Amino acid sequence: MAKYVVKRVLLAIVTIFIITLIAFFTMNAIPGGPFNSEKASSPQVKAALEARYNLDKPLLTQYVIYIKGLLHGDLGISTKTGRDIGETIFESFKVSATIGGMAAVIAIILGIVFGSIAALKRNTIVDRIIVFLSTLCTAVPSFVLATLLLYVFCIKLGWIQVWDANSNNFLLPVISLSMYPMSYITRLTKTSMLDVLGQDYVRTAKAKGVSQRLVIFKHALRNALIPVITYVGPMLASILTGSMVVESIFTLGGLGSKFVTGITNRDYPMIMGTTIFLAILMVVMNLVSDLVYKLVDPRITFD
Amino acid sequence: MSENNMPKKNPLSMQIDLAKFEKATEEEKRQQDVMSESSTFFKDSMKKLFKNPLAVFSIIVLVAIILVIIFAPMVVPYGYSEILKVNGMRDKTAMNLGPMQFSENELKYMEENNVKLFPHIFGTDELSRDYFIRVVYGTRVSLAVGFFASIIVLIIGVLYGSISGYAGGKVDLFMMRIVDVIYSLPDMLVIILLSVVLKEVMGESTGIFAKLGTNMISIFIVFGLLYWVGMARLVRGQILSVKENEYVLAAKSIGAKPGRIIWKHILPNCLSVIIITTALQIPSAIFTESFLSFIGLGVAAPMPSLGSLANTARQGIQSYPYKLLFPALMICLIVLALNLLGDGLRDALDPKLKK
Amino acid sequence: MSEKILEVKNLHTSFFTDSGEVKAVNGVSFSLEAGKILGIVGESGSGKSVTAYSIMQILAGTGKVVEGEILYKGENILNYNKNQMRSFRGKVCSIIFQDPMTSLNPTFTIGSQLMEAILLHTDRNKEQARERAAEMLTLVGVNEPEKRLKQYPHELSGGMRQRVMIAMALACEPDILIADEPTTALDVTIQAQILELMQDLQKKLGMAIIMVTHDLGVIAGMCDEVIVMYGGRVCERGTADAIFYHSAHEYTKGLLRSIPSASNMKEKLVPIEGTPINLLNMPKGCAFCSRCDNAMKICLEQKPDEMWVGEDHLASCWMNVKKEMQEKAGVTNE
């Protein structure tokens, strides 16, 4: 177990290193630097600025400097705002993670519950409704859903204030974010639940005189959750970092929107910072989901 | 032995026609053999698929959509980038018309010349362009992206996965490490990065690239670079399990080459999984495209895509909400139909579910 | 004559599939006496397992008992409500399945799966249940029971798992044990061990056993009574001796001809030609007629009833009628 974790962490470090490489060199392949747009500034000013951000040095040296900083936990300073990147990411991550966390919890719990119900009530009207709605929801792009919610509840009905980021009214963003993963988990749970319910050991449990409810929630669910866990890991990573679309429609200053503005501003350190942060989160979540896997399924060995 | 509920009959207590105790002929016996009609796995699956009303509905919807996007441009006399003109003059009154409405100029023109103009089925947009034809072209673009992206994923994924799975050992380990790394890349970030880079690099190109827009190309590249990993993992897993079967061993023992074994013996057995995944990959590609168009990295104007149309409509949602409705409905319809078809295929092709 | 503990009367079980009603069991009747071993033999699709599952009410998916009665000590269990049925399963009647590899839940320890049944059906607390579980493991010959309780199914061998299954089935001392091909998935050497164990336990605990199998060898050694099934019907029943030495149904004869044994090593094995019948389209007459070498016109047209062919020996085959008629004709002619 410990050996496996060490191996995985080492692999994760390699992965993150490769991601920094890709991100760094792709980003620098974008023609035009961060200070090109400010045409008013004199060449001297530009040179001074570039020197400050080490942009005058060869690419490889820049990369080495960046990695050195990274190892000390220094993500650099934004070329646009001059603020510390780590701090900015941390702040915007708080917003994204709050909304994403709520959305993830809702999606996982409701998804598993609805999926189990659909499997149990197979071929009944309840099953059909759940399947229909979840299939429908996986067909609606999040920006359409978010826009529709905004239009109906804010503009038409006026129930919810639109542009008030401080009101902590996360209802609509959370709904828009959770809808897709919830539907996906519902469908996944149903399929794997049906698969598990046909297994011999479920029959054994029934033959022992275990009640239907216990058969499902004790014997079947645990096995049925195995494929769900695989999906939830990466889903958590992407949902916690916020969806760029939902954040920009509801004008929340989350991580996703920071990345998009970083790109439009050619804010190299910002792009690098968010990319690395997201990659680390992704890698960690994958690792965690693999470990949870082991907890649920004792058959999995790590050798 | 219990006596009460057993039938107790003495054989001779019955009145029986002796003629019936002659030996039956082979022919007569054969008639008794009511076998279920034999059919191939593929035929069986298709029969099952066409019995599934949702799958049939999806096929009808998809065929209808494809027919419309093929033939509508031949019927509708407007172009997707063409600003409406009346009598050769730019029609300034034709901005933001509602569905089936005509502009003042058009009405006047029709009355004067006593002709009928082709209606604007979905109305017009803010630049006086026929909205219906724009949605049609948008659907073309979105479907094409989805389709080609899935093919790219299919080819790379199947090749990579089958080689890795079949080779096994160190080769497999190394190839899967690469997959692991790519799998941990935050895909949206890479797509956006690549889109931006390619937009700048290929900005000068002409011909088909220019028309489609560099973003389209970058979507294909990204799909080629990133999304095949899921397919590769799947195919590898399938091959690993199929590889252990005796018929593969049998093929090996008579000296079949690895390429032939993969192609003839292993892949057909993974086919259902591959088909289903490909069918479900198309909606995912359409989603990605519409998402990119949404943040302004999609197809190059004036070429529309469903995503870019929806995005434009979103900005004017307060005054013209129906404009969001058309492209959004179109996306939902396509994705829904493809998802349902994928589900139907899964049910039809999965022998485990066969009753 | 001892007490009849289980009676199955005219049982019909069907599965309702897309292609139509599959009649897996068509009017099977038998009874089981306390402490006796009843064997049910037949090839795949003969309805033997479905009969067993019908008794336990654990039919898969679309399966349903459409007609008949299953009486436990005179009470029809088909009329039981859910709670009664739950205490019937596991406490009164237990089952061991064919494949021990898939019949244990891979995500729970052996201990928790063994204790589950004990906790459900007895008043024992957790500690006592654990003791009982260990005791049962010892009884079925599993070494180091305390260690095994903490292990997961995948850590045990097939034979071990089948022993665990048996321990689980017997933990609440049921009156009836159904063994659904308990040895089919095991190695030959392990098969003998498991059968011996079951006979042993039967003597110790005194439960009645229904042994479902396609292996005539299994039946011969241990059963008091044997039922031969084909196409969801009983074709012959009687003591093991009667079935083996005086078989009176063409199917049973064919079955016996097709098994290799030490005594007939030099003879050629005769397989039964053809394939099992299609349960979707049952023939009008005898289910076996299309594969029977001696099929007569009547076999195709009329279903033979069960008829006495000897003491404690019934068979449903028209050949017996013919034989008897010929004998009688011979007698009168003389």
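Observations on the structure shown:
In order of appearance the chains are A, B and C, and numbering begins at 1 in each one.
Everything that follows uses one rule, which is that a residue touches a chain if its C-beta (ideal position, glycine included) is under 8 Å from a C-beta of that chain, and two chains touch if they have at least 3 such contacts.
Note that the structure is a prediction, hence the values are computed from the model and not measured.
Located most centrally within the structure is B, per distance between chain CA means and the overall CA mean.
A centroid comparison over C-alpha atoms places A as the chain most distant from chain C. With centres defined as mean CA coordinates, chain C is found 54 Å away from chain A.
Centroids of chain A and chain B (each the mean of its C-alpha atoms) stand 25 Å apart.
One inter-chain figure worth recording: chain B and chain C are separated by 49 Å, centre to centre, where each centre is the mean of the chain's CA atoms. On chain B, the positions that touch chain C within their shared complex are 1-2, 5-12, 14, 16-24, 28-36, 48, 51, 355.
Of all residues in chain B, only 177, 180-181, 183-186, 188-190, 192-194, 196-197, 200-201, 283, 287, 290-291, 294-295, 307, 310-311, 314, 317-318, 321, 324, 328, 331-333, 335-336, 339-340, 343 touch chain A in the complex they form. For chain C in complex with chain A, the touching residues are 56, 58, 60-61, 82, 86-91, 94-95, 97, 99, 102-108, 116-117, 120-121, 152, 154, 165, 168. Note for the complex: chain C touches chain B at residues 4, 7, 9, 17-19, 29-31, 62, 225, 237-238, 274, 278, 280-281, 283, 285, 289-290, 292, 294-302, 305-308, 312, 314, 318, 320-322, 324-325, 328. Per the touch definition, chain A reaches chain C in the complex via residues 198-201, 203-212, 219, 222-223, 296-299.
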